[in-house]
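For reference, the structures are reproduced in the following blocks.
The following pair of complexes shares a single chain, chain A, combined with chain B in the former and chain C in the latter.
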Partner chain A sequence: METDFAKDQQLPIPSNIQSYLLRVDREGWLRTAQALHNADAKFLTLWGADDRDRDAYFRVYAAWLLPQSILVLEHSIEDVRNPSYPGLSTIFPAALRMERAAYDLLGISAEEADARAWLRHGGWPGNLFPLRREVSASQSYPLDPEPYPFVMVEGDGVHEIAVGPVHAGMIEPGHFRFSVVGEKVLRLEERLGYTHKGVAKRFESLSQQEGHRLAARLSGDSAVAFSWAYCAALESITYTSCPPRAVALRALALEHERIANHLGDLGALGNDAGFAFGLTQFSRFKENLLRANTLTFGARYLMDYIVPGGVAGDLPEGGGDLLLTQYETLEEGVATLRSIYAEHAGLQDRFRETGRLEHRLARQFGALGLAARASGIACDLRVDHPWSPYDGLVPNLVTQPHGDVAARVHVRFDEVMESLRLCRILLEGLPAGPLQNTPTVASGGCLGIGLIEGWRGPVMVVLETAAGGGIRRCHAHDPSWQNWPLLEFAILGDIVPDFPLINKSFNLSYSGQDG
Partner chain B sequence: MFDVISLMLRTGILTERLPARSPESPPLESVQEDIRRILGRALCIRHVDAGSCNGCELELQALNNPYYNLEGAGIKFVASPRHADVLLVTGPVSANMEEALKRTYGAIPDPKVVIAVGDCGACGGIFGKSYASRGSVADVIPVHRVIPGCPPEPAKILAGILDAVVSAQGQASKRDKAKRS
Partner chain C sequence: MREITLARQLGEVALAIAIAPLFTGWIAQCRAWMQNRSAPPLLQPYRMLRKLFQKDVALATEASPLFRATPYVLFGTMVLAAAIIPSLATDLPFAQAADAIALIGLFATARVFQSLAAMDIGTAFGTMGARREMMVGFLAEPALLMVMFNAFLLYGSTALPSLVDGYAAHPALIDPSVIFAAIAFLMVLLAENARIPIDNPATHLELTMIHEAMLLEYSARHLALMEWASSLKLFNYACVGFALFFPWGIATHGVDGTGTLLLAIVALLGKLAVAGAVLALIESISAKLRLFRAPEYLAIAFLLAVLGLLVHLLLGANTHA
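This part shows the complex of A and B:
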């Protein structure tokens, strides 16, 4: 396979990052995937669509990030009675759960994939595939729970610890099955999907102008990233330009989201290692930032700030100065706390060498975002594929080689500082002008992509329009899909009480993965 | 160590007054005393995320920051439903969480107060009812109070929790009076 992946057959897809579509047959699907693997392409996502009403096919798609662009493979499945396609998980292990989810939702099966249901826990019948066109969006079904065969570890003294879905703290639900000897973890198996709310099906009953509100609520801590990704896809399809002031304000909101989440995590990581002082201090700084958000953006969490064509509101009079003062206090406070964390022997003892995700493994399993950067993988869309306004901002890439909890703490500290620097530049050079250009309504059958570097990593929205201003299909992807399986490796050899700390150091999204 | 103590002293006490419910209602500080008088300990809350987007969780976590200082108000979040007086539920109830929510509800000793937090808990929010979402919390278990918002601000959640306690207490004393007469 040539390394340009049949460039002459690729069709451009509207997107905020250059994207192409390549239609392949069964054999081409696997062959191209292998070639993409050889070319070190980053696997982004996999999804399916029911096009039987249009041209009698099911379709399966997979997307990769190449150094210059996104490449989407499209494979049409002819056998609609027994739809299947060659699975990609032997080449890209991260694809496995996505293939299982695609089966639960659409009934297209990846050959040789794990046959256990992933998103369906008995909430709807096994022979019903909600994303198929004929299935009603509002119909619900009685719960019929099915047993889930976890992989058993056998041997002298091995026992299992089952945790969840309801956890001890104020966090999202998921199940963790530990196989341990004494305190040492031999194996961890995750079972997720508990917060599956049928987002993909729900998109199909919304209009193009409402979709960003649902996208923002796929994972509430990444509301800005997801709503931007949705709007980027819609704006690309409709050739709507976003006014320069709105573009800068969007980036400001995205960096605020990044800082707020990092502050929350840094505090929680201190707390999980027995240093409650860290939580108190970081949570006060986070609260200060959220209150500044209310004064400047109108809300603590910017669920509905990014709207198609622009942003929902302007900074108030004096808002810029208020934020600049806020940044100064934050910079000083975070620097002080960083030196306290660095010099605290007990804290460093818990952080270092704990939950290590080696560089080799992170690459092999396609880690994304913050977790990848902490394992020495240089990847940040804002740096590698800068979209407006990041092309003018030139953010600095933050990486750490070691892959342990300490590395993920370091990356967060560095990224908070870098984001504060970007925020200052954005504010000081804030262009004047309007806040929104109303997008035109897209005609049916257009495909568009939005890919945005959220605080966790790249979030992706693939939007296909329907006639009359509707949404035909919308696939939203959180980087947690790629990173959750890696947590199963990071814990190996550590002890059970380290799990909360390791889990928090990744802080992956349940809701974003479950959909 | 010196840095830690010095920063603590420089930070001082940030805790704010409890939020006012309405101008004519008594200050919520008295609720705190009531909780102590009635329960003889902190009011214990078990939180269950029944399918939330994680937005409401972030605001619940904020209740523990020094500004809201939930524990200072005599309220704490507990790990076991067996220890809880109040069940606080976020999110639309996903089909996949229906059973876990019902079991948690069942594990809380009577009398119990259930509070649904957020627009999703109140009415299903933007997710509504579907093959995967049961809609509001009240569609699955009895709910005593709803705190709307997307997500509701911590001060609103705090006021809502205290309000629910006040009205549960009011109902309980009415029952006691009825029993006595």
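This part shows the complex of A and C:
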């Protein structure tokens, strides 16, 4: 068994975390994937590219996280008439939906048994593949929905409950098909892709200096993580260094994003259990933080704060003190609310043992980020693969072993406290200096990777440049891709009315996965 | 004399219909204050009703006449219930026709119609809501009956006005069994009126709904009537509670005059204000129970009511008939 994955053939890829590219043939694709599985590598993402204009190939890529580095496999598909490659879902189950999405966009088939469309909801014809070079992005097509066969569960008293994509509340669209007996859930099947916006195609018409703005908008709650990942990829390709002050401010923004999202989720989790008091209190703290964001970073959700080569603006006069006071009240308030949550018997009864995602299952299905940490998987890029400035910060890893809603609540509370600690350190040691180095324009055909631990988990941007300062291909990957399928398992054995609570405890992105 | 009684009866019903949404609005206000939110206006439920009455009805193509008739049936039953509950006065002609057991039957009728209508369209949510409603209902009804029996034993009558009159005749009466019955009644009231901890009237999560799930397919005037009927139901429950446990200020049999009636109105409003605040407090400090805990919750209510009965029998308290 190869454990170094043909080290001598690996090519370095510019990235904020050490990355290598390995070109493999059809047989090597599967063999290396199996070896990576045996080596306990974390599956990150899978994407395809149309290179027929360059060298008459379709290409499929897959990326894994190893203890020391990222490894990207590249497989060139020669048969461009019927492009196909061996699917990875038997080794890495999380790959299946990405393969289905890659087919919808590029027409490269993964030879899987499940070949149902994933992103294409009849919005464009089945024989048209939007990411192919010859397809114009401006062309529109009449909506032509096709039937989507869900897996049927048969048996005495089994019936289906179809929920969404339009919900009673103002939430993102997703369809959930429950097969139930009475209230007990036998099976849940998700159908997503309703918010597919064609982000990948749009990237190709942008210049390298604009891409971060689109990346920030892929999933609004992870604006900082995505724009940082994009900038990290671009800066790695162009060898642009980021000034120390900007690096620290980026981390500050990322931690603010983490805190704000965790606060929102903690409140919503209380509300979903019928404890509206929790929602109003946490909303208050979140709102105060967002207002502080406006005063110090210039935007509530920190959109477009991170720009290639640095950050968009400096803290205003007295901004640091304002934030430090903010942290103090926040820390005190969250600690109080935490004890209220912990001592509320009704709330704890709802949280505990609900929506359990067992450690074994989380490993097997490649859980990422917060959901993984709540199931006892110790993984956090800030700790395992610290990039600047996290290499100097040494964040504490937060995990919980039990994998239920309560565990995910715990992890959020602990991470808020930890992020507040990091924010203080960052603010107090904020280096002086410039805010932005102008990045040079990359030449065509360079591949770069940015991998950032967002609040939900690792957010990845793979950027391939085009000549003349353009973008040839940009693949932005949200950790929700990996974690959505896990929700289908977490609900098993629970009852229908517990689903919203379990769903909220994961709080995955629809927009981020739909792309 | 007869005309006056009839006028009083009609006046009482009219008042119930008129102020039931106010009670709902008051609870919503109290809830908001307790959660540090700025409260919606007290008259918000009326605005909601006006808005709904002005809209056009959107009806599912599969809707049967049952679906369309149910809002009127529901509203009608709740109005009828209001007519036999002595909220202001005990001298009610309608009340002679129906006692407290008939009242429980009325509530059950409403429940049956509402559940059938919810299943009529054939959506998953309607059926789910109806199923859950029936589960809560069939557990809550016996508990409510036990509470009533407790009061019947005390006063030797199954008619609510006689209970109030009985209390007026022996105002000093405090029976320990009443405390058990009162707690049981409060628990049933919360469960039957889709309040936390059994249901959440404010939720937008369709999978967790009970009462709201049954209303999802209704719109415009139908929805308005359903909402109004829910308000009336809560108001009726509160008035039953007042009649059973706090019957002060209600104009009793044989006592006439506008003065007592005015006093009764003031007393009712005062009691509603306190009851609304208490309900809001309970809802604010508790979380919603997991659905499968609802049977436990209602079993406790039943048990408390039975305990009340036992206490009453064991202590051998005399009946004030």
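One rule holds in what follows: the second predicted complex is superposed on the first by the 514 of 515 C-alpha atoms of A that agree within 3 Å, B and C clash if a C-alpha of one lies under 4 Å from a C-alpha of the other, contacts with A are read in each partner's own complex, and residues count from 1 in each chain.
Note that in this section a residue touches a chain if its C-beta (ideal position, glycine included) is under 8 Å from a C-beta of that chain, and two chains touch if they have at least 3 such contacts.
Predicted, not measured: the structure shown is a model, and the values here were computed from it.
Judged by the touch definition given at the top, the superposed model places A:240 against neither chain B nor chain C.
Looking at the shared chain after the overlay, A:480 reaches neither chain B nor chain C.
By the document's definition of touching, both partners, chain B and chain C, reach A:281. Between chain B and chain C, B touches the greater number of residues of chain A. When the shared chain is aligned, chain B comes close enough to touch A:290, but chain C does not. By the document's definition of touching, neither partner reaches A:465: not chain B, not chain C. When the two complexes are overlaid on their common chain A, residue A:162 makes contact with chain C while staying clear of chain B. Of the two partner chains placed around the shared chain by superposition, chain B is the only one that A:123 touches, whereas chain C remains out of contact.
In the superposition on chain A, A:340 makes contact with chain B only, not with chain C.
The contact surfaces that chain B and chain C form on chain A in the two complexes overlap at residues 168-170, 277, 280-281, 284. Chain C makes touch with chain A in their complex at residues 31, 34-37, 124-125, 128, 196-197, 200, 202-209, 212, 216, 284-293. Note for the complex: chain B touches chain A at residues 3-4, 7-8, 11, 14, 47-62, 64-67, 77, 79-80, 91-92, 94-100, 104, 125-134, 150-151, 153.
On the side of chain A, the complex with chain C involves touching residues 159-163, 167-170, 183, 270, 272-277, 280-281, 284, 344, 346-347, 349-350, 354, 495-500. For chain A in complex with chain B, the residues that touch the partner chain are 119, 121, 123-124, 128, 130, 135, 137-141, 143, 145, 165-166, 168-173, 193-199, 201-202, 213-214, 217-221, 223, 264, 277, 279-281, 283-284, 286-287, 290, 300-301, 303, 336-337, 339-340, 343, 509-511, 514.
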